[in-house]
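Next, two complexes with chain A in common: one pairs it with chain B, the other with chain C.
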Partner chain A sequence: MTEPRNPSMSSIPQTGPAHTDSSSPAVEMDPVEYTLRKRLPRKLPKRRNDVYVNMKTDFRAQLARCQKLLEGGGHREICVHGLGLAINRAINIALQLQASSQGALQLAANTSTVELVDDLEPEDPDEAGEPMTRTRNNSAIHIKVFYPDPQ
Partner chain B sequence: MCPVYQSQACNNAGQPGGVNNVSRPVKPAPLPVPPPALKLGQEGFKKVCRTEEDSPCPFPGLASGVLEMRVKEGSKIRNLMGFAMARMQGEKGVSGVNVSGGGLRQVVFTGSGRAVTKTITCAEIMKRKVGCLHQLTKLRYKVVKEVWESTEGGTSEMTVHRTVPSISILLSKDPLDPQEPGYQPPETLSALWEEREGTEPATASKRSLGPLPYTSFPDCKRVCLGEGVSVLPPH
Partner chain C sequence: MSAAKVKMREKKMRNQPASVQYPSSSSNVESSTQNGADAPGTGENADPLKGGLSEVHPSTERKKKTPHQSGWVRGHHKDGGGYTKEMPKYITAGAFARARAAEVSAMLKAVRKTTSSSHVFEALPKHMRRRAMSHNTKRLPHRLREVANRMREKSLQAGSKKKKEPAKSKSRKARRRHGNLLLEFNRRQRKNIWLETHIWHAKRFHMVKKWGYCLGDRPTYKCYRACYRAMSSHCLLQDLSYYCCIELQGDEDKLLAALSQLTSKEAGPTFAAALCLSGRRQGSVMVYRAGRYPSQPLGPVTFLWRPRTQGSVHRQLWIWAHPTLKQDLLPELQTVCQCCEAVIPPAAPVEVNPTLEADSEPENTPEAKPVPGTKRKRSRKDATGPPAKKILGDGTRLPSTPVSWRSSSNGIVINDLTMEIVRYRLIGPQSHSVLVDTLEAATGCDEVQKSQTCSLWWPQHCSDEAKMTLHQQQADIFNILKGIYSTAELPSGTVLGLTVDDPRLTLPRKRVKALPCVKQAQEVDEEKRRKLMLEGVPEPCCQSFIWEQSVRDNVTDNKISEQELNRMRSEVLVPGSRLSPTPLQGRVPILLVHQPGKQVGHEMSSWGAGWDLLLPKGWGMAFWIPLVYRGVRIGGLNMSLKHSQNKAAPHFPRDYPDCPAGMCFQEEQEAELLDKFKRHPPAKRTNYIKHGCVAPFRCPWQQLAEEWEIIVQEGGSQARTTAQADAVTEERTSQQAISITKPLSRFTVLRNRKALRLLSAWCRPTTSKGQRPCRVGELPPISCEAVTSFLSAHAMSLVWVHVSLLSKGKPEYHAMLCVPTPEDLKALGNRQGTGGPQEPPHRDHFKSRIKRRKKEPKKAATSSVTPDKPDGKEAELIFASDLDTNASKDPKSFSESSSDLVLGLWPDPLPSVASHCSRVTVGWVTQGDFSMSAGCGEALGFVSVAGLLNTLLNQTSEHKGKLLLRNPTSLHYRFAKINVEV
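Showing the complex of A and B:
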């Protein structure tokens, strides 16, 4: 999660020795290069029947884990969560579970917005850059996969 | 995750001091995005057409003319939202008439495949901007028919049927049936988690409301009939 990359603001073709930028107030932009570090998302509830889908684990392994919870684990409902790119995979898992249950399972999906925090750390500690944080939003999905109560 | 970025960072670190280097604007080369699980492109085929097969509306009982925003992979969120927000808030100034006093009552966002995330984002933005919207989310597989043509001979043609996950989100100013799976009451942005941590009394109280007799629907139908057309927004 810590791939360093250059924010777009860093690629300013302003050359010259460091520490001169403070004397030129006309230039609002910041010549200091930053490393972008993405923090992990906020801690979310983790019960036995919560499954957080990611893009690193093999798809079939995550699907098998859900199947195990519903069949062997004795849970009548599980909750599949996906954030950002993993939304697609979470939906896919939920739909696969439903299809393989021959219609016994139902889905109830909710969506939400998750606030994420990025840290901007100056590349060169000698330059006058301050560490900064930046927040952004990402979409998330929460799918309840459950056996409906017999009525 | 992104090896391209990583290798670039290494190059940067290797440069001496970072002073007076020819600061080539470090733009990452356009990332080649390989289409997942599709190798046809490399075998001399190109996609000439992609059609989604018609599937019934996931929201039975919905007015037929409701505004449907079809979100595609390349759709710009600002285009989609500019259009949809104007319709939901009522177009003031268009021929001097404020249409039905406050815009449409309902909107549906649909998207499939790689547009699913964008679809959710649109719905989330609208919920935040409009406020007090009831939401119903439906998931299903959609069959997409793709026609691939050989780039060499031009004679052979292939038709591929693929199933892609798709999402449909109904946002409504009027109350919806809370018992319907996938229902979300207004302003659940933060309450979503607290409700779940407590053991079920929240859902029990929701159940006690009973099936909602859709009292407000005739009214909304009247609004939608004059207004709603399924519109493909500009890309």
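Showing the complex of A and C:
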């Protein structure tokens, strides 16, 4: 997965009020209108056996990718990561892998919280407003799929 | 008759008797038919009546010939009598025979002798000719060999003579001598400016002369995909030094007051945006002519304020503009700032510093120590003495041309800093790693160096405590960059000022690939990194000494030459290690400006983010090579187009059809494409008329906007099917063509952000390929009233749209965007796999005209044109009106226009562009390609707002925003989803 992860997969608001493109009066940042711009989640260095799951690529393709890594790629273990909306899919992939291996594979899941950054650009007529940056958290899952050691 | 023709004729006539006359042109054929009697040798030829006519035969023959005089008339004719008057009554046999004898001998001579120009083997009959006879004379029959040999020798001699003549210039060695080479280079950049990296580029790129510069278009090696990969996963480097920088100095409020006339807040943040004004961010803005907000745009610029200095209202602003935009922008700036007094050049930086020049003379090397503003003329003059100087900065400018203007009323100063600052652009998520690898914050200088008094700027700065703490802060922030994984993590537009060491000192011995170092990342303080990511660079750290003219000049003048550097390297004990102590000259103030990536749309956000590197002039190559050694790819103009295409951003000047530069670009492009089209043999050209493509080489936006305005007016607010709209357009446009259109306003491109947001919501934005709908805010739903009120404000507007194809297909530029009929959409719902409807082939009515014109070149001009009856059943309906409009025009105008008839192209008064084909056209694509980031064909273009809204009103919600796209060379429509991205 060379492509950066799609921001829309992290777009489910886990915390805080609803954010729409032009903030509604319910949100505290009135009277100035802001445009919301989400930054990409922070990328971390990636090993060959890391698979970041997204919602854009076809499910079967991602599954096949993992299978190839485990069977053809010679990796004893791979790590499937999912963020936000993609958590569901990451779990699905891991379970599918396990089911298709007839119990040879084992899973170990970890969850974590990822900090995401939003930029709020003011759209006020007198342009005195400072752009704001806010952080919010989103859940992530990291599933280790591995062949248990023979002993 | 041309000189060559006269010559040919003389040659032909050389061996002819004087009595024989050849027609020099078709008009005097008749007059030359007289023969015989008046041959010059006969003596009594003065009076034709004296010529003898003793026989009967000649006279009868003549009588038959006479009708030739006035056209061909069969049989006896009364008018022939005119000739008989001149007919001699009798002829003298002796004289007559002598004249005939002379003719016969001339004829024999002419038959025997081959014309000298032809080759020997042309005398052979065709069936005896063989391949490569001129090469090998043994293939000729024996009798001709000798002649052929002689001719061959002759031609060889002539060839060798010709070759020798231009070789009189200097020897290669002399030409390649450094001074002479520089002279030659300086001569060659007299018309088009060379960038500092020109020679590097010229060895590797296809160069084009554009906008007064020599620029690299694309590399000579294959690297399209590699460059894309570099942009999306590593780093691509471009030389953007051709962008022009205009500096404005003055009081902040006065500057803002002047500049506010050029912009509008409706189109987004302006020069006064708080964050940009503080100098922490770079801003970009669309500039208009003063006070002419929506109607007269000039183009997009980026700008950068210098951070405030303590307790001063005096500000400095750099405006970066494209060279085609500069010529419009500069006068406009001068008027709004009331800067009309040109400051005389001596005050300007082009002044030659005589002492510095003297300094630099001894060390002239291939990377000659540059002296700013050395005039070409000057260097040519003293070419005999010290060798020529390399031009730095703008070489095409005359020394007397003012580059600075001052206002007497408000104290604003405008400086034209074109070519004074080098600008490199690094695109890609790893561009910061490349920078971190290449650059190193300047090392301070020890006490000994400080105490030395010299002209260099750095030791002076080192002695100032405040400046050194600032430098330390900047260096700290620069080091934090190591801990960042992707360039896109930083706030867009961040500015960082810095002073760095000469990057040539740390040049790796081999080309390496700069990658983010994980270990270093852990070392970096997490808290500081977070702060940088959230808040960007604090204001004081955005300060850089590159803003100071004096420092810039000092740095440029005191650059260590490549030769000197190599000498120092050779003296280092361990080969390849870093030079130490760092030579004092090697400190350069730079400015790093973050460039935001893709900002619009819902996908691939921040794709193509990167950094711009601003350097003082003269240091271009010193930074270029170290950057290249960090494994970046180099892109040309071609790649910057692809970059903006993937970012879905309009590319200047291509995608600004309402700006003067954009219009100019369109004309140039049309001429270029037409020229290319005409270079094909007619049989191999695409017949665009048959493809139903009215304007394959340009987009008649004005006509489109006008037509759609009329359609909407006619249609009123009631919903109508497209077929009805069709009929109306045809009718209207045919009327239009006859009575010259009433004065209409010019079209504009919609840039009002609120309006754009509304349109965007009405199009139901989806992800690429139309897979998933995206969320939009609460905006009024599309309705007739809303549309009417929208159109009342923006009827003559075009809107920038992003098109992604739903199935296969690769859009090209000038592809048509058309409205699908309800049946098409039904078919789309039923079978997703089908490609889309087909356009019935059109008939080319101009083809026969062209043919006819060729057949009778004279008559075509006068004969009235009778239009062919279209017999193609499908095309008949569509064509009827167009044809009538053409035929109804008086034939004169047609014959005039027929002079530029090109097979396969519509002649100039175009038919209705909207309703020319079976699907109504709403717009065109300006750039399109297979998008490697989306994995399907994607295009960018404009559609008419009126046309778009009309379409959206009639579409059901599941098919909202679905249009058809058809390439100019194809009859196949493809379904596409359009998104208006804000």
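A few points about this structure:
Rule of thumb we're sticking to: the second predicted complex is superposed on the first by the 119 of 151 C-alpha atoms of A that agree within 3 Å, B and C clash if a C-alpha of one lies under 4 Å from a C-alpha of the other, contacts with A are read in each partner's own complex, and residues count from 1 in each chain.
Here is the rule we use: contacts are C-beta pairs under 8 Å (C-beta built on N, C-alpha and C of every residue); 3 or more make two chains touch, one makes a residue touch a chain.
Note that the structure is a prediction, hence the values are computed from the model and not measured.
By the touch criterion defined above, A:Ala109 reaches chain B but does not reach chain C.
Within the superposed three-chain model, A:Val117 lies in touch with chain C and out of touch with chain B [touch as defined at top].
Look at A:Ile91: by the touch rule set out above, it reaches chain B but stays clear of chain C.
Comparing chain B with chain C, the partner in contact with more residues of chain A is B.
Of the two partner chains, neither chain B nor chain C is touched by A:Arg76.
Legend: residue contacts after superposition of the two complexes on their common chain; A:Arg39 is shown touching chain C, with no touch to chain B. With both structures placed on the common chain, the touch criterion links A:Thr133 to chain C but leaves chain B unconnected.
Once the two complexes are overlaid on chain A, the chain A residues touched by chain B in the first and by chain C in the second are 3-4, 6, 44-45, 123. Residues 2-4, 6-8, 20-22, 24, 37-40, 42-45, 56, 117, 119, 121, 123, 125, 127-131, 133, 135 of chain A are the ones touching chain C in the complex.
Of all residues in chain A, those touching chain B in their complex are 1, 3-6, 10-18, 33, 35, 44-45, 79, 84-85, 87-88, 91-92, 94-95, 99, 106-113, 123-124, 137, 139-144. Interface residues of chain B, counted against chain A in their complex, comprise 1-2, 5-6, 8-9, 12, 18-21, 23, 25-28, 113-114, 116-117, 120-121, 123-124, 128, 135, 137-141, 165, 167, 169, 181-184, 188-189, 192-193, 196-197. Chain contact summary for the complex, chain C toward chain A: residues 232-233, 265, 269-270, 272-275, 429, 485-486, 488-489, 491-492, 516, 518, 533-535, 599, 602-607, 753, 757, 767, 774-778, 933.
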